[in-house]
Amino acid sequence: MREWLQNVWEGFFTVLVGMRITWRHLFTKSVTLQYPSEKWPLPPRTRMRLFMKYEDCIGCGQCVRACPVSCISMETEKRPSDAKPIWASTGHAIKLDVTAFDIDMSLCCYCNLCVYPCPTFCIYMTPDYEFATRDLTEHLYRFAKPDAVFLTENPKKKPEADPKPGASPAGASGT
Amino acid sequence: MSSPAAGWAHDWDEDGLDTDEMVLNVGPQHPATHGVLRLELRTDGEIVRAARPHIGYLHRCFEKHAENVDYPGVMPYADRMDYVASMGNTLGFALTVERLMGIDPSPYVQTIRVLMAELQRIASHAVAVGTYTMDIGAFTPFLHLLRDREKILDLFEWTCGARLLYNYNWVGGVSHDLPDGFIRAARDFLREFDSVTFPELLDLIIHNKIFVKRIANVGVCTPELAISYDLTGPNLRGSGLPRDLRKDAPYSSYQQYDFEVAVGAGQYGPVGSCYDRNWVRVVEMRESSKIVHQALDRLETMEKADVHETVPKRVKPPKGEIYFRSEAPRGQLGFYLVSDGGINPYRLKVKSPCFTAMSVFHHLARGMMIADVIALIGSLDIVLGEIDR
Amino acid sequence: MEATYAILVRWFPEVAGWPAWAIAVLSAALPALACFTFVSLGPIVYVYAERKISAFMQDRLGPMRVGPYGVLQTIADTIKLLFKEAVFPRGVDRKLFVVAPLLVNVGAFLPFVVIPWGARLQPADLNVGIFYVSAISAISTVGLIMAGWASNNKYALFGAMRSAAQIVSYEIPSLLIILVPVMIVGSLSLQDLVLAQQGGLSRWFLFRYFPLMPVAFVCFFVAALAETNRAPFDIPEAESELVAGFHTEYSGFFFSLFFLAEYTEMFVVSAVASVLFLGGYLAPHPWLQQLGPLPLGWFWLWFKAWALVFVMMWLRWTVPRARVDQLMYIAWKVLLPISLGLVLVVGALVLGPSTANGFSWDRWVGWPLTLLVVGFLFTVMVRALLWNRSRGRDLGASGSPSPVQVWR
């Protein structure tokens, strides 16, 4: 009998305690962000869309080897021996012509593994996440530009300390 | 012999289907099965006579992939096994390879790893407890816990760039150092969690009489049964056994932290009930918060090191094999790695805690009502990504 | 009906010359139509309110896109449901399948005939008012079972059987508790029940015979929750267990009919509970009963019923679901003994001469205690309100900042 009374009282009372909490929350400011009219700018390290600066690519293929899902494909040709010497902005000499550099973003798993091996930091992930398309083939990004303008002078003539560590060079622009 | 297989055939006698009994399919698409899991229940009215889970709907050939990519490339795949608690997976794999290669990361890296693993544990248990209470019928605690989980995921996004699948723990180190202001932000979050969210969770649902009455006598797993079915983690601790790899076989400087092992105490019913397993997860959230506080204190006074210091240029473990186990939020996550000296693993086998937790289901589900089956599945805290890999 | 006739004759004098049967039909149909319109528009507001209230309790926003602050959401949902194809799965019994939601709605709408909105504002003042309400509500049970059976679906059948068992079990304590105010008044008519509570807040049945009547009110509320299949007794529509219980196979228009019936029934039981315990259309103080020439009775009843509907919604989002056998336990082993005990004790008190209208007991013991309890609950609520404001101040921003905002 006492147990029965205790059960009934406990059942009633714990419900009231719970109701007090939900009543409090009725007046709490909501945490919903109404996308797309409200957006947060994402932290700079956010790994969203991949970008690759073609003018800095030396065609080493490290990113291709590092990618676990093989979403990067690259074709290179040796530059003819009489071509003007060109440099990347970090001081690396570009010895190969990258004739094709495709990244299939529909395969990309956003793991960031392609970013680290790049010696010139030309490939990096940007915080741009609004790149949905209606056609899946539009996710194949072709970065090779036939009319690219390369640096014809070594920008790091004097030997400097190690190039700056970190993810991206200055100017994290989109496409 | 009383092997599970023998009991199995005895349970499920297709030819002898009684006309009173009904075969109910809690199908792959169901709001409460935590993933694509199919449960075939043979019921007599409301009581379950036999249960047969069907898994494999989410099999993605992780172990085969691991043989074809190099060790850093296995990390993103390892993330995706238990996608709810991804720091635990990568930590386990990174430590496995490091043990094989003989790499010892700096105390700074180890502290960051502990910090991230424990924050991930809070987030993972938030999902587990939240979805469990949602299955039982209380919809509100799920959203409150998810709000706090979002804050943890924001912390992770700030550090390494991703919200759910981080690829953060690398062989030999971690991928990014903590950004400036991280410690303050983490403390802000913990302040709110400790003082508001956690007590509210207890008041709103954990001590609620209806919730207690619903699950306190259901799915009782005795310690002997738990050991014989190889349950680990919160499922084992819910049955009263204080086995925690962070204390029994510490790794990554866990021995320096002061925390208690949460054990099911049977406050409202027999020890080993669904309530106890859930209680263990709730208490573990508080203990993890304690560990995070201690890790943050250590980080403030410790000297910083380069997080890529001990990351090898090429990960090529020597020939050999190793089995390393870590305490993932769902239990003992074991990696058995066989290396032939090359850049790809020769064979990687994963011991998944949810897989063994699932194996006890058919035993416990006998004699329950259908509503209790849902309670049982939720209390085992399974993630199909880890079961199927 | 007489009131309607009087109004009609005043505005349209030629009606007095019409044949008797036409007058009867007209003066019966008009209030019914008015009532039906009012009641049908109700769910539009309830559904929106439920979604918003549940959202705010969960720290979310709820519907915000359709119309300013989402007010047109229900209309959009209704249009969507109407356009959806009404699927008839193979093997269903078509006649029963179609009739079932209609029956459930009949059981939900008909009780409005006797709900008094004012001293003369009532479609029909039956002298068996409250008995009629309980009897008609039971028709919905038949509709539920039909729905489950006709669906040709194991899950739906389960849900229907559970629901039938639940409703039938909870009707008994509900009826017994209805007896308690009826005994005090001595009449089954709802109008008489309200008129017996005249004289201000202290005369409402809730505040008499402390602590018996508050207990009766709570028990009636719990029984009413179970009758309408609301949480914590929403096993029949347990979303996470049986997909959607007895209305699993219904889609489109028929599903919206079930939805409509549920919200209407919620309002009905709340209105009945306010009439029985909270004074019906009476204002807390006689001064507030009229606003000049405009009687405010309808507003007070609506307000009280709405408060109870809000409490029902509040409970739904707070409490987990009870299992079927626990539900039965509560009905038969908790509510039934309590209601039987209440009937006996209150009946004895009503018969005793000194407590015939409970006045001396209430004045010296009941009223102050009730004030204390109400005051305590009130302070708890106000403190909860202020808690949010202080929390914001502590953390330096409104609510708690996300770490992402720290680095900006």
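The chains carry the letters A, B and C, assigned in the order they are written, with residues numbered from 1 in each.
In this text, contacts are C-beta pairs under 8 Å (C-beta built on N, C-alpha and C of every residue); 3 or more make two chains touch, one makes a residue touch a chain.
Everything numeric here is computed off the predicted structure, so don't read it as measured data.
**Q** Specify the chain with the shortest distance from its C-alpha centroid to the centroid of every protein C-alpha atom present.
**A** Central chain: B.
**Q** Of the chain pairs A-B and B-C, which one is connected by the greater count of C-beta contacts?
**A** B-C
**Q** At what distance in angstrom does the C-alpha mean of chain C lie from that of chain A?
**A** 54
**Q** Compute the distance, rounded to whole Å, between the mean C-alpha positions of chain A and chain B.
**A** The separation of the two C-alpha centroids amounts to 28 Å.
**Q** Nearest whole angstrom, what separates the Cα centre of chain B from the Cα centre of chain C?
**A** 44
**Q** Among the residues of chain B, pick out those that touch two or more other chains and give their numbers.
**A** Where chain B meets two or more other chains at a single residue, that happens at 140, 144, 147, 150, 157-158, 179, 204-205, 208, 210, 213.
**Q** Can you list the residues of chain A that touch 2 or more other chains?
**A** 15, 18, 20-22, 25, 31, 42-43
**Q** If you look at chain C, which of its residues touch at least two other chains?
**A** 57-60, 317-319, 391, 404, 407
**Q** For chain B, which residues are in contact with chain A within the complex?
**A** 65, 69, 72-77, 79, 140, 144, 147, 150, 157-162, 165, 167, 175-176, 179, 200, 203-205, 207-210, 213
**Q** Looking at the complex, which residues from chain A come into contact with chain B?
**A** 7, 10-11, 13-15, 17-18, 20-22, 25, 31, 42-43, 45-47, 66-69, 109-113, 125
**Q** Under the touch definition given earlier, write down the residues of chain B that touch chain C in their complex.
**A** 22, 24, 30-32, 46, 133-140, 143-144, 147, 150-151, 154-155, 157-158, 179-182, 184-186, 188-189, 191-192, 196, 204-205, 208, 210-211, 213-214, 369-372, 374
**Q** Could you list, by residue number, the parts of chain C that touch chain B in their complex?
**A** For chain C paired with chain B, touching residues are 54, 57-60, 154, 158, 231-232, 234-235, 238-241, 243, 317-326, 391, 395, 400-404, 406-407.
**Q** Can you list the chain C residues touching chain A in their complex?
**A** So the residues of chain C in touch with chain A come to 53, 55-61, 64, 218, 314-315, 317-319, 333-334, 380-381, 384-385, 387-388, 391-392, 398-399, 404-405, 407-408.
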